[in-house]
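Each of the next two complexes has chain A plus one more chain, namely chain B in the first and chain C in the second.
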Partner chain A sequence: MGFLSSIDISGSALTAQRLRMDVISNNIANAETAETENGEPYRRKVCVLSERRSFSSVLGDQIGSGVKVSEITEDDSDFELEYDPDNPLANAEGYVQMPNVDEIEEIIDLMEATRSYEANVTAMNATKSMAIKALEIGG
Partner chain B sequence: MAINAVSGAVSGVGGISASQSTAQTSGSGFSNILTDAINDIEQTETEANEANEALLTGESDDLHTAIIAAQKAEIAVSYAVQIRNRVLESYNTVMNMQV
Partner chain C sequence: MINEMFENVNLLQKGLDAAWTRNGVIMNNIANVDTANFKSSSVTFESAMKQALSEDEIKFEAKTTRPEHYDFSDSAAEDVSPTVVTDTDTDYRMDGNNVDIDYESTELAKNTLWYYELSEQVSSEFSKLKTAISG
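Let's look at the complex of A and B:
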């Protein structure tokens, strides 16, 4: 049904925010991972959101059809150095490279993703109540 | 003059049958809408079942996809019920006309 596609817009936002939540959770879980399979510490991952354009929008429709995660990139900032000479991974000066994950920043991103999820659920409920109201035309 | 009156009555009957055929086409238009609504119910119901199955087997990670599919099916059913109500209402209006 055509009018139900507006619910799909909010649905795509819920999917994107849930995926973003997964990325943030992964960052928090790996905040202390000093060594991954490529030998380096864990690099913080960031997901990039972009507007999703449907086929009808290619034909000139102005409204997009929601949001999608276009890519999950790695944060290129430097690794943190922690002084721990007893660690087997320590270099000559006794420093160990730790992931470039700031837990406080990740928690704030987490709260942002949660609020965004709730806002989209509210928008979807409003769309549905609008549709139900339309069915009441004519008494 | 009697012949003219009779031919007038005959053309009047022809006019009634013509309006009956138009009533039939508008009636089939209405029934088309109802059939389309029922097909939509079937489609949204199938999608809701598939989404539910995908969620329960672990194929899909999204809880909201199954919920959204169920809500769409609910809206489709409400829509079909309303269409049915309107059809019955207009049918009753026609049937209650004094001849």
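Let's look at the complex of A and C:
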């Protein structure tokens, strides 16, 4: 494990969790978006995290090198139906299809991402202080 | 003589290396706390080192006075290196991930303090040598 490359491990997690927070924010922002470019309501997006392995870590079967967002998938659960006959998008029965975003779920995911972000900041600070301590040897 | 002078420093350096490797492993565990099917790893070092040191204590030593004499003082402790072990047998959550964030945080705190301790030891070892050299 290189002197500064271990900071990149936590760095990759900060990037991944921040992207996750961005995706969650986008879901919350579009919770009421009944029409998108393809004519459907907005579909909830989910980040898929996977372990990042560097070439040397696969060869040596050693430590991984952090985490990455491998894909952002769409949640294909059913859209919500909302009764709103005055809406131009309403069908013959007066129902409008609304996004499959549950705000409570998003807020909980957001909290989880924030906590993970904080844990990684703590780990990064610990590593930084260890590196500084090592530089003080013999001083 | 010059080799003996740094014997303690070399041992402590192995400890520092192990602590640094462990730090990398803990960081990777924390980074992957939300990754599905990720399995946590840990580093074993201290028990192997302890065993090697106790083996060294009962080892046969011969005085070498000429360069062609065989050196018996090969120490087992010098060959000990940290090993990364992945725990593939347990599940902690429904998504197959087994990172316990509380455990990892305490391990991180412990490991950081241990690293501090070792680097203090190295510093004090050097300051002793400085005293011996400058008088």
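The rule is short, and it goes like this: the second predicted complex is superposed on the first by the 136 of 139 C-alpha atoms of A that agree within 3 Å, B and C clash if a C-alpha of one lies under 4 Å from a C-alpha of the other, contacts with A are read in each partner's own complex, and residues count from 1 in each chain.
The criterion applied here is as follows: contacts are C-beta pairs under 8 Å (C-beta built on N, C-alpha and C of every residue); 3 or more make two chains touch, one makes a residue touch a chain.
Here the structure is a predicted model, which means the values were calculated and not measured.
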Will chain C clash with chain B on chain A after the two structures are superposed, or do they fit? fit
In the superposed arrangement, does A:64 touch chain B (first), chain C (second), both or neither? second
Output check: A:15 vs chain B and chain C. Expected answer is one of first, second, both, neither. What do you get? first
Quick check on the superposed pair: does A:4 touch chain B, chain C, both, or neither? Answer first, second, both or neither. first
Have a look at where A:100 lands relative to chain B and chain C in the superposition and call it first, second, both or neither. neither
More residues of chain A in touch with chain C or with chain B? C
May I ask you to decide whether A:119 touches chain B, chain C, both, or neither, giving the answer as first, second, both or neither? second
Does chain B (first) or chain C (second) touch A:27, or do both, or does neither? neither
In the overlay, answer first, second, both or neither for which of chain B and chain C A:133 touches. second
What does the superposition give for the shortest Cα distance from chain B to chain C, in Å? 7
Common ground on chain A, meaning residues reached by chain C in one complex and by chain B in the other: 1, 124, 138
Can you check the complex and tell me which residues of chain A touch chain B? 1, 4, 7-8, 11, 14-15, 18, 121, 124, 128, 131-132, 135, 138
State the interface residues of chain B toward chain A in the complex, per the touch definition above. 40, 44, 61-62, 64-65, 68, 71-72, 75-76, 78-79, 82, 86
In the complex, go through chain A and note every residue touching chain C. 1, 6, 9-10, 12-13, 16-17, 20, 48-51, 61-67, 112-113, 116, 119-120, 122-124, 126-127, 129-130, 133-134, 136-139
Per the contact definition, I'd like the list of chain C residues that touch chain A in the complex. 16, 19-21, 23-28, 30-36, 38, 41, 84, 101, 105, 108-109, 111-112, 115-116, 119, 122-123, 126
